[in-house]
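Quick heads-up: structures coming right below.
Each of the two complexes below includes subunit A, the first together with subunit B, the second together with subunit C.
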Partner chain A sequence: MRALGRRGRGTERELEERLREHYRAFAPEGGPPEELLAAVDRAAASRRPQVGWPTLLASQARLVLPRCVPVAALGIALVALLELAGASRAETLVAASAAGALQALAALSGVVSGRAHGMTELEAACLLNARSVACARLLLSGCVCAVTLALCAAASPPTLPAWVMAARLGAPYLIACAGGLAAARRAASADSLVAALVWAGVTCAASALVYSVTPAVYARASDGLWAGAAVAALLWCAREVALWLRAASLSFEPAAPLADAS
Partner chain B sequence: MELTLDRLTREYGPKIAVDRVSARLTPGVYGLLGANGAGKTTLMRMVCGILRPTSGEVRYDGRPVAQMGDAYRALLGYLPQDFGYYPEFTALDFMEYMAALKGVDRRLARERSLALLEEVGLAGEERRRVRTFSGGMRQRLGIAQAVLNEPEVLVLDEPTAGLDPKERVRFRNLIASLAKDRIVLLSTHIVSDVEYIADKIVMMRAGQVVLEGAPGEIVSAVEGRVWEARVSAAEADALSTRLTVGNVHYLESGEALVRIVAEEPPVAGARRAEPTLEDLYLHVFADERDDDAPRGRVRARGRHAKGGHHA
Partner chain C sequence: MLETGRELTREEAQEIVARHYRDVLAYCRRHATCAADAEDAAQETFLRFVRARPRYRDRGRPLAYLLTIARNVCSDAARARARDAAELPEDIPDEAAERAEERTELSLALARLHPDEREALELRYGCGLRVGEVAGALGVSRFAASRRIRSALAALRRELGEGDVP
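On to the complex of A and B.
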């Protein structure tokens, strides 16, 4: 098989051998000379694969974007169509709320897929580990949502302030994401995707149904409440994102079941 | 190149999954043998740095791998016991995805992926979706991804699961060729997987190392305890229930050739046989139950449980 990355190994091997000789000749309490350790570090770093965010994001784009982008386009198109059709303020906002939750459903299907499909153990042992992968997916799906938000605000009627559209779209999106991540984290790996999607689906349905039950929720007077709900949902979502990233790097920590002791 | 396991311990509540395992690994093949629940997978996860030990540490060339972080993962190749796949991926997609995560140069990733797929007998299958693969094909794909980044430390957890005998032989040849300047840690409960390729065998039981050494050396532990005899088929069945029977070969005459591991001659006319690694395995794990329930030693209150073997 063809070798990769073998340049500089001769020098590094010499340094490693010197380090090994040091350990074997002396008691460990003194430790190796700092300059020797630093030289080994530099040699190791010089042959370490150089990967950065572009590589990581590109590797995850295939798993996230095909799910998120079509749904985002659908949401933007829906808002634009309603504007063209002369829909009422409430109808436009109901559509925006449902589109937000639907966007979350699409995002969660990409973010949670690693856990759901049993890939986290493989990814955890890679240079770009499971935590990096989770971070990249969250970033990609978040960016898609941010662009969706901006375009929906641009497509909405001039009488509808951008912040109102942002709150109506953002609150269900963030509630769906936060609850979806929480549900996925608590569920068994094989059920994590279903758990997340069920939560997001319920949020989407509720966003649409609440209008028929309490139309006042979509009245102008409730704009401030929606903004408050969006802020609260943002804080909740931030917490769940942090917990999700933490769980990604501790996939096999307790409360791992005793069945993992094999 | 040296991987040091220094008193690695992993506890899950009162259960001890791995109990103070120590070893020093240099380039070569190490076969980790043990029944289900022995602690092999837990140990391997700690070696890979994806599971934190309760105590003890893993060091690579003297440096704790927990501190090395991505520097250690860059030279690691790992095949878990159970691994998944993204349903929409083809075999080549899967390999290129893993190559990206392992930091393999993008231009080389495709070339290397195709070469490895051919190496493991998946040539021509690269455009096929992984979800259509058989278990054996998926396992071969897993082996291929484990060596994508030409790792210096290769950890394979039950790599031959689902492989037919011909594939097993192919796998052994592949591992033997990879091990020249690598540390290969391979866990299995199939003795023949490691019998001929391992430089050193490590036997684990209930979280502890109970025996280790070169295959030829440790087999001597059952020297004089392996017997072969010709008995009736009914007697062969009876012997199986009370003794450690390694093999029963039923003959057309109504008799059977039995191979038994026992301290004393089990039946009249039994003759001593040359012991094998499988005989040793049966001897060490003679009282293991057949069920797959996980087991670990329970810590005695207030003190470490005694026993076990340290490198």
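On to the complex of A and C.
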């Protein structure tokens, strides 16, 4: 056995050496052409202007905020109005969770618009690549949504503990965001915006529909279920955000097989 | 070794081109249809490297990063060729015919391997990359790259009629 093992390793080393010799035999002769050296010299000599995160966030805020802020204001106003009108606890919660999903819908429209309009390939070649742009849009949308959900929670029944409110408002929002990103990433470029919006819309409708079918889901006994759903949705959303950023850095192009001319 | 996250000086850029041009050109030649396309791909690779230098965060050798870029450049060219397939010339280029004549038993065995396996061997033994660098160039985990190289060697041995060796 030992002899066979030694022979095997010897054969493997021989094969590896044959491969190295084979590739060396096809190695080109000569150095780089003068025109390449000149082009590289010009490229190295040109300096790019430095753009930091504040500038990038400010530029993306012009796109993201006009979409998110009106929807946020609408959701907060709806919840506050229901509370002032003396609506039941469950009705206010339904409105608040639907507002979260609506907020996700508005945020997704800004985040995936670059892919939907075929701009990521251009963004990838620009000074600020598609990954930075996507990251800035996600950050801005996330901040607006967090403020919205916090204000919706403040406007909801004061008898509920904070974690219950966070779970009930956060779960539909996070499911809408995660599913929307997943749908947009998997759909063809032109259909990605529609796919994201359809998912977020369905989540929004489902959160209201579930209450009408089984009102018990908004009862106090289901707090644990909502908390579990919110945690699972948070993990899913974090994964989808990471995948979206990775796909943006690759311009959403799947790795193509190489043509082999040898 | 180069520092990361800063732009190249002109001297550093020239040095990298001089040191790695042959390796990059050899890689591009194996994935281009003719010598002129390979030279264009090699040139594009170095220009992208210099332009993308501030984003280069790999502390490994520049060759590994250059070959990753070369792979993308060749992929782009292959996609463009597929799009323009109707416009491709029907004649086989002379260089390709000459190379075909030069094929050895090992070349033919390599040609019969799966393209992924062939590329892993090429990066490992043709370009001299370490397993981790092969993984980076192929966009797979280190474990997957190691497994791919091992299975490629086993497949090559079978193609060469040497059978499975434990």
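We adopt the following convention: the second predicted complex is superposed on the first by the 204 of 262 C-alpha atoms of A that agree within 3 Å, B and C clash if a C-alpha of one lies under 4 Å from a C-alpha of the other, contacts with A are read in each partner's own complex, and residues count from 1 in each chain.
The definition used in the following text is that a residue touches a chain if its C-beta (ideal position, glycine included) is under 8 Å from a C-beta of that chain, and two chains touch if they have at least 3 such contacts.
Just so we're clear, the structure is a prediction, and the values are computed from it rather than from any experiment.
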Partner chain(s) touched by A:63 [first = subunit B, second = subunit C, both, neither]: first
First (subunit B), second (subunit C), both or neither touched by A:18: second
Subunit B versus subunit C as contact partner of A:191, first or second or both or neither: neither
Which superposed partner A:91 touches (first subunit B, second subunit C, both, neither): neither
Footprint overlap on subunit A, comparing subunit B with subunit C: 4-5, 16, 19-20, 23, 32, 40, 44-45, 48, 129, 256, 258-262
Footprint of subunit A on subunit C - complex, ascending: 7-10, 12-14, 17-18, 21-22, 25-26, 29-33, 39, 42-43, 46-47, 50-51, 54-55, 71, 74-75, 77-79, 81, 96, 99, 104, 106-107, 110-111, 115, 118-119, 121-122, 125-127, 139, 153, 156-157, 160, 162, 165-166
Residues of subunit B defined as touching subunit A within the complex: 1-2, 10, 12-13, 15, 17, 36-42, 45, 48-52, 61-62, 70-71, 73-74, 76, 78, 80-87, 93, 97-98, 100-106, 108, 112, 115-116, 119, 145, 147, 149-150, 155, 207, 294-296
Residues of subunit A defined as touching subunit B within the complex: 1-5, 16, 19-20, 23, 32, 40, 44-45, 48-51, 55-56, 58-59, 62-63, 113, 117-119, 121-129, 133, 250-254, 256, 258-262
Complex interface listing, subunit A residues touching subunit C: 4-5, 7-8, 11-12, 15-16, 18-20, 22-23, 26-28, 30-33, 35-37, 39-41, 43-45, 47-48, 129, 255-262
